[in-house]
Each structure stands twice: as C-alpha cells, then as structure tokens.
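Both of the next two complexes hold chain A, though its partner changes from chain B to chain C.
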Partner chain A sequence: MNRLIEGGILIWLGLAILVAFLIAIPYFASDYWITLFILVFIFAVYASGWNLFSGLTGYTNFGLAWFIGVSGYVSSLLIADYGFFWLLAWPIGAVFTSIISIGVGHILLRIKGVYFAISMVALTEGTRELFGTKYFAPITHGGLGVPFVAGIQLPTLYWAILALAFCTVIICYKVFSSKYGLRLMTIREDEQGAETLGIHTTREKITAFILSAFLVGLAGSIHFTYQNYIDPSFAFNINLTLTPIVMTLFGGIGTVFGPLIGAILFTFIHEILWAEVTQLYMAVFGAILMGLILFFPQGLLGWMKEKGILPKNRKL
Partner chain B sequence: MLGSVYALVGMGLTLVWGVVGIVNIAHGEFVMLGAYFAFWAFSLIHLNPLFSVLLSIPVFFFVGVLIHRQITERLVKQHELSALILTFGMSILIWNLAQFFWTNTYRSVSFLSGSFPLLGLVFSQSKTVSFGLAVLISAALLLFLKYSSWGKAIRATSQNPDVALVCGINTRKMRMITFGMGIGLAGTAGTIISLQWVIFPQMGATYIAKAFAIVVLGGLGNIHGALVGGLIIGVLEGVVTQYVSAKMAQIIPSATILLILLLRPTGLFKK
Partner chain C sequence: MMERGNQEILTTEGLVTGYGKMEILHGISLSVHSGEIVALIGPNGAGKSTVLKAVAGILKVNSGKVSFKGKDITNHPPHRIVERGLSFNPQGRVIFPDMNVQEHLDMGAWTIKDRLKKEEALERIYNLFPWLMEKKKRKAKQMSGGEQQMLSLARALMIQPKILLLDEPSLGLSPKWVQTVFEKIVEIKESGIPCLIVEQKAALVLEYSDYGYVLEMGNNRFEGSGQSLLTNPDVRRLYLGG
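Coming up: the complex of A and B.
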C-alpha cells in the first residue's frame, strides 16, 4: 500500500513536470517544433475523441471527418464572413456540430455494425459533395474554399490546443473509469445483454456520440484556424477519419492513454515518412495498418498490459 | 448499360461479404487492377481486350485465393472492425503502388470505338459488347451458385457456417473459393470497364462507393438483389447526369446508402 502511494506521487510529479514542459515549449522551441506539437495535440484530440465513442461502444465511427469538417466550416465561415473572434467562433462550431450530432445519432445509431460504419462514410462523402455544389455555394463558397486570417499568434494557438488536449484526456479518464464508461463497454461486449440489464443503450450511445462530436469538432475548428484555409475535399477528407483511427489502434483501442501515445508516435513517424518516401507514403501507411491488425491488434498499451508491464486496469 | 458492370462489382462484394463475412474495402482496387491488366495486355502484347476479359477471370481468382489464404482467413472469426481496417490498408497500399509505378496519367484502351445503328437508335460498339459480357458473366455466376455442388456448398456456408461444417462441407475451402470469386468478379469488371472508360490509379474509390450502394440496395449477401441494385444505380446515375448535373450524380451512392439503411435496412428484396 505504501509503495502504491509513493508510485502515485512519483507519477503525479512526473505528470506535473511534463505539463510544465509542454506549457513552456513556445518560449524556447522554434516555430517548426511548435507547429509539430500543434499537430500532435490536434490529432491526439481526434484520436481520443474517436476512441471515446468507438473504443468504448464498439461502433466504428468512420465519419470522424464529418465532425471535423462541419465544425471547421461553421467556425471558419464565422471568422471569414462575419468577423467573429476566434475564441467565440470555435465553441460555436463545436456546439453546432454537437447539436446536429444529436439528430444524426438518433437516426444513424439505430444501424448496427458495419452498416453504421458505411452510413457514416456515406454521410461524410455526401456532405463533401454537397458542400461543393452550386446549391450550397452562397454559404460555403462552393468548391473553391475559404481562405481567411483569424489573427491568432502561433503560441496562443498552441496553448489553446494544449488546453483542449489536456481537458480531453481528463474527460476520457473520467469516462473510462466511471460507471457510465462501464455501461458503454457493456454495449460493446453484448448490446442485447446490456438492454436486458436495463441499460438504455440508445441514450448512452448518443451521449457518447455527442461528447465525441464536441471534442473532435472543437479540435477541428482549431485545426482549420491553424491552416487558415478550408475547402470541402480538405475538410471532409477520409484521411482525417483514418489517421486518428490508426493512431488509436497503434496506441491501444479502448484505453485512455493509447490514443495519446499513438498520436505522438504517429505524428513523428508521419514526419519521417513524408520526408523520406513522399511518393510511397500512402503505401507504407497501408502496410503499417495491415501489419497492426495482423500482428499487433491490441496496440502498444494493450500489448504492455498483456505482458504485465502495465497493470490490467481500465484507468490506463 | 453502365449498371450491368456496376452489378458485377457489387455482386463480387456482396458474395464475399455474405459468405466470408469480410467487408472488402480493397474491392475497388481490384477493379482498378483489372482495368490495368487489360490495358497492359493490350498495349504491350496487343492482346485482344475481349480475350483478356476471359483471361482475367482465372488470374484474379487465383490472386483472390492467395490473398485469402495468406491474410484474410485469419480475420474470419474476429471483430468486423479488424477486417474493415485491414482491407482499407490493403486498398491504399495497392493504389499508391499503382500510382507509383504507372503514374497518374489517364489511360484508355482504344478498341471497338465505332458505333452501329439498331432499330433507329445508335449504339456504341464497346458499350454493347461490355453490356453483353457483363450479362453473360452474371448469368454464369447465378447458374453456378444455383446448380453446381460448389455453388450449393457456398450458399450453405453463407447461411450457417457451423451447420455447413457439421454437414461435411469444408467451409474454409468454400470461403477461399468465394473470396477468389469475389476478386475475380472485381478484376473482370475492371477489364470490361477498361473497354469504355478511362483508367487511373484512384478509380477504385468511385467503384467501391457504388458497390456499397448496390450491396445495401440489394440486401447483404443477396446476389440477385445486387444484380438489380446495380442496374438501378446505373439508371439513376444516367438520369441525374442528364437532367440535373454530373456533380449531383456523384451524391447518388451516398444518398442511396443513407436512405436505404434508414428506410429499409434489409434491402429492397427480402431473401
């Protein structure tokens, strides 16, 4: 017992140093490193958000880019066309996405298994095509895209996304170790069984879906503010769905810190691959995906839990 | 007429899905490989594309069997997410390699580019030939599944793998054959597509979207449904392109999937 407490203090101390280090990065690092860390945290939020819903409920959400794109579009248009302050535009985008997600969740979450995954892809692709057509052009500027300047400094952006990533991890930790998280996991293991036990499965799924939509949407808004540009094929790109999924699988699906570790490692792998083999980047990416599924289905954290390096605890 | 080829792609997908239980996202990439197969056979050794349609059936069947034996059989009993992500990895691996080796140039097979009049309408030769081929292959597939002993075994595996196993059917072998047939159908559809449309490495993505719409329309694992679904998607696409715009026609697959899944999740036809 005593050792456990000591270990706990050490972990907290380590975490505090890590957080202090991360907050201090803009004071000494170059712009390259700041942007790299911004991307790491954006994708960490995407991956954790995906994991929060799909890792727990077992419903594969192949429409993460839809959350990102919708929220990104709302906030970008607010900034570009209506001159909103960025700090105001981001939450509006995320809240808007969550509100639509209530409707989408009510409708699509009745569909099970692979069909749900396909319908989310269809929703994303359909929205992408629709935003590019001339019928939506008065609002979305059509396929040309919207370039805009939000007037935000790089360090401020970095701190904003760092704060969001921090909150996301805490929310994930709370959810995963709560009874609510357990109920969601019951849905993953046996949905009918969960219903028999008196769990209102649809309601639980929808709340998780909305929470995931809100966090991912907020990160999406920040992502496009950072890029200073948005267009349909960019905002609803299938890669925005896949990269977080791969990161989650890499780190360990259904774990709190798996997506985070996956996002950190994968962003650096991405940087190296992109620099070394630009032409074959997607092929290497595909091969890594296949290898992960075949030989490493548990992910890094899952593997470490299996080997006994980490305790089998759902708080990790 | 487009619809008949879409139906071929969709039938391959629904067959693998229904029997093997794997959603093969890389299906569209095999269509692309089939198209390139016909293109290279035509431009390098001047093989008649009609002959390469015939040749592509055994070639892609073999490729499919090999892939299934080495990779996908391991995923049969696992969560469907694994297969989904694995085949997605396979899909981007294949198209990126194709892009790397064959570049992004749009290519086409210039064969049978004339047209002929019939009953007062003008028909393009290549479209008529590809329609005929697609119908022929679909008919052969339906007959094979209905009457041959392998076909019966495959249907049994699809309905209940455990009972089929008890009845003495080698379900493992049947899954392998089915996967081969699915890839074979995709490859053949690709060679037929090369007769009339342009070929490029990312073409698989457009066909996989349509194939999913077809499978959802026809109902999972329902071959007849996929055939009709293919024709419906083809006709819808033609009508919308003609009367609304080509841009709107691209929304059809997504819209079909969403509508059908919401209104009639078992597909248009009950089994």
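Coming up: the complex of A and C.
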C-alpha cells in the first residue's frame, strides 16, 4: 500500500515537472522547436478527438478534416474579414462546427460501418468543392484562399494549443473512465445489444460526435491561425484526416494516452527522417508504419498493456 | 383450456412485421400473464426471435398492437420500453468481451438514476447469483458460455423488470449448464418476474413452462399449457420428434 502511494506521488511529481517544462519551452527553445511542438499538440488534439469518438463507438470517422476545415474557415474569416480577436474567433468556429455536427450526426450516424466512413469522406470532399465555387466565393473568397494575420505571438499560440491539448487529454481521461465511456463502448461491441439494455444509442453517439467536433474544431482554428492562411484544398485535405488516424493507431486506439503518444512519436520520427534521409524519408517512414501495424496492431500502449509493462487499465 | 393467471402483463394482437419488404410475422397474438413462464416454440424460420425483437422495440411493427401492463408500447423506442420494465436478453447473450462483471451489471442498471436503488439492485443480484460476487473483476471474455449466460441473465434483472424476454437461453451450453440456467429462470419466475422464452429445445422448455405457443411460418399454430403441448400428438409429431 505504501509503495503504491509513493508510486502515485512520484507519478504526479513527474507529471508536474513535465508540465512545467512544457510551459517553459518558449523561454529557452528556438522558434524551430516551438513550431514543432505547436504541430505536435495540434495533431495530438486531432488524434485524441478522433479517438474519443471513433475509438470508443467503433464508428470510423473519415471526415476529421471536415471538423478542422469548417471551424478553421469560420475563425479565419472572422479574423480576416471582420476583424475579430483570435481568442474570440476560435471558440466561435468550434461552436459553429459543433452545432452543424448535431444535424450531420442525426443524419449520418444512422449509417453503420464502412458506409458511415465513406459518407464522411463524401461530406468533406463535397464541402471542399463547395467552398471553392463562385457561389460561396463572396464569403469564402473561393479557391484563392484567405491570407491573414491574427497578430498573435508564437509563444502565445504555443501556450494556447498546449492548454487545449492538456484539456483534451483530461476530457478523454474523464470520458474513458466514466459510465458514459462504458456506454459508448457497448455501442462498439454490440450496438443492438446496447439498445436492449435501454441505452439510447443515437443520443450517445451524437453527443460523442459533437464533443469530438468541438475539440478538433478548436484545434483546427488554431492550426489555420498559426498558418496565417486557409484555402479549400488545404482546409479539407484528406491528410488532415489520415495523419491523426495513423497517429492513433500508432499509439493505441481506444486508449486515453495512445493518441497523444502517437502524435509525439509520429511527428518526431517524421522530422528526424526528413532531416536525415531527405530522399528516402517517405519510403523509410512507410516501412516503419507497416512494421508497426504488423507487430503492434494494438498500438504502442495496447502492446505495453498486453505485455504487462502497463496495467490493463482503461484509464491509461 | 387451462385457467391462467388473471393479470395480463404482456400481450400482442395481430402482430405483423418483417425485415425490409419480407414479411416474417403475419399476425401473431399471444399473452404472458403474471407468474408465468411462457414458451415460444416452433421450427426454424417460424419467427420466434422476430416476435421478441418487435416487442422490445428493436424491429418496427407494421401492424398490430403490443401492450405492456395495459399500456400500448407498439413501436416505442427500445430505451423507453426498457424504462417501463421490460428486459430483453437477445440471442447470443450480448456480452461485451472487454468489460468485467461489475461493469456489465452497471450497464444493466444504467437507467436507474437513484444511487441507493442501484446498490439495492446490485445486492439483490449478488444474492441471486452469489458466485458472481467473487468474479466481480473478471472480464466476460474469460468466462465460460454458461457463466456468460448467467451474467447476461443477471444483467437483465438489474432493472428489476416486470417481465423478462429471453431468446434461446440454452444456445451453445452444456446440458449441465442448460439445467442450471432453467432452474434459475424458474427461481426468477417465483420471485415474481414472468418470462417469455424463445427456445429451439422445445421439449426442454415446455417442461419448465406454464404456457406455450407454437408458431409456424409466422402464424399462431397451437397454444396451451406446457403439459398439454407436450402431450399433444400433433405437436409431438411435428416439433418434438415423435
């Protein structure tokens, strides 16, 4: 018992030091490192947000870029054309995305399996096309895109995304260890069975979908503010969907910390390969990914739980 | 006809339903009275499981009526029907492999909002299934088929239902477990919860049943007390193998 408590204190102490270190990064690191960490945390939120919905309910969402793009567009246009302050524009973008997601969820979440996945791809691609047409151009500026300056300093942006990533992980932890999380899991395991237990599956799916849309949308807003630019093919890029999914598989699907760890490892491996073997990096990266899927299908965290390195606990 | 318990808990009148364009039930009428185990038997494809799904609200009813405790529940959403006290245990036991015993029971009781009531329910279940207590933290995938069936039964009882619907409780179980499960069902009935059971093992379920319905091709064929169906020469010849 004593050892357990000591272990707990050590873990908390370690976490506190880690958080302090992350907060302090802009004071000593170069802009390159700050930028790298900004991207890590943006993708950590994307991956965690994806995992929160898809990892728990088993509904594979191939339209993550739709959340990112819609929220990114709303906040970017508010900043560029209406002079909104960034801190106000971001949540408006995310809330807007969440509200539309209620309607989208009501329609698309009745479709199961691969059909749901395809319908989300179609939604994303359709919106991308639509935003580039002359009908939407008066609002979206069409395919030309929107360059803008939000007037935010790099360290401030870093702290904002760090705070969001931190909150996202806490929310994931809370959801995964709650009855609500269990109910979502029953949908993944056997949706009809869940209904026979009196679980209102449509409502549970939609709330998780909205929560995911909000977190991912918020990160999307920050992403495009950081880029100072948005256009349709950039905002609704399929890579914005695929990369977080790969990160999640990398770290461990359906685990709390898997997506975060996946995002960190993925980004750094990517960066090292890109710097060291520029000509070959995609090939090497592909080989690493294949190896991971072959030998660690449960992801890093899943594998560590399997081997007993980590406790088989849903709170991890 | 035999005298049945005076209070009708569940009735269906002229139930018509199916999957897509295919009509499976062409007007099924049956009833479950208080204090009864009612068996629903018939050959493959007779529509036995379909009746349960339609009653539980999982399948849309095209015409006909389902009443539960005197109230019309036709085409109500499944979670509303569960809240009214109808517990449905589908075929294949619906065990979530990665969840442990405690979590299964929690899920079974999740419609109960009151914390105290929930604890009472847990205590009641652990009294009825004492061995579950020792396996609280055991994951469902590490349990035998019989244990899973019992867990499934326990979970269905968490809401203290007014009726229990069971689809093939004997499926894939060893003879010893089948007997254990059915003895438990009798115990449940005696505690005041009537059961409607769909079973492939017709002779077996009729032994334990107070009343039974025989379906054929989506229609009512015979009905009567468990004993009378067991001894009915037509039923014996057609469904019980001579």
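Observations, loosely collected:
Quick note on the criterion: the second predicted complex is superposed on the first by the 294 of 316 C-alpha atoms of A that agree within 3 Å, B and C clash if a C-alpha of one lies under 4 Å from a C-alpha of the other, contacts with A are read in each partner's own complex, and residues count from 1 in each chain.
Convention: a contact is a pair of C-beta atoms (placed from the backbone, for glycine too) under 8 Å apart; a residue touches a chain by one contact, two chains touch by 3 or more.
Keep in mind that what you see is a predicted model, and the values were worked out from it rather than measured.
Of the two partner chains placed around the shared chain by superposition, chain B is the only one that A:M282 touches, whereas chain C remains out of contact. With both structures placed on the common chain, the touch criterion links A:G113 to chain B but leaves chain C unconnected. Of the two partner chains placed around the shared chain by superposition, chain B is the only one that A:T133 touches, whereas chain C remains out of contact. With both structures placed on the common chain, the touch criterion links A:L56 to neither chain B nor chain C. Using the contact criterion defined above for the overlaid structures, shared-chain residue A:P297 touches chain B, although it does not reach chain C. Judged by the touch definition given at the top, the superposed model places A:A208 against neither chain B nor chain C. Once the two complexes are overlaid on the shared chain, A:M247 sits clear of chain B and of chain C alike. Chain A has more of its residues touched by B than by the other of chain B and chain C.
In the superposition on chain A, A:E125 contacts chain B only, with no contact to chain C.
Interface residues of chain B facing chain A in the complex, by the touch rule stated above, are 23, 71, 74-75, 78-82, 84-86, 88-97, 100, 209, 212, 216, 245, 247-248, 250-251, 253-255, 257-258, 261-262, 265. Residue ranges on chain C touching chain A, taken from their complex, read 56, 58, 77-79, 81-83, 88-90, 94, 96-99, 103, 106-108, 110-111, 155, 159.
Of all residues in chain A, those touching chain C in their complex are 179, 182-183, 185-186, 189-190, 192-200. Taken together, the chain A residues at the contact with chain B in this complex read 58, 60, 62, 107-108, 111, 113-115, 117-119, 121-123, 125-126, 129-130, 132-134, 242, 245-246, 249, 279-283, 285-290, 292-294, 297.
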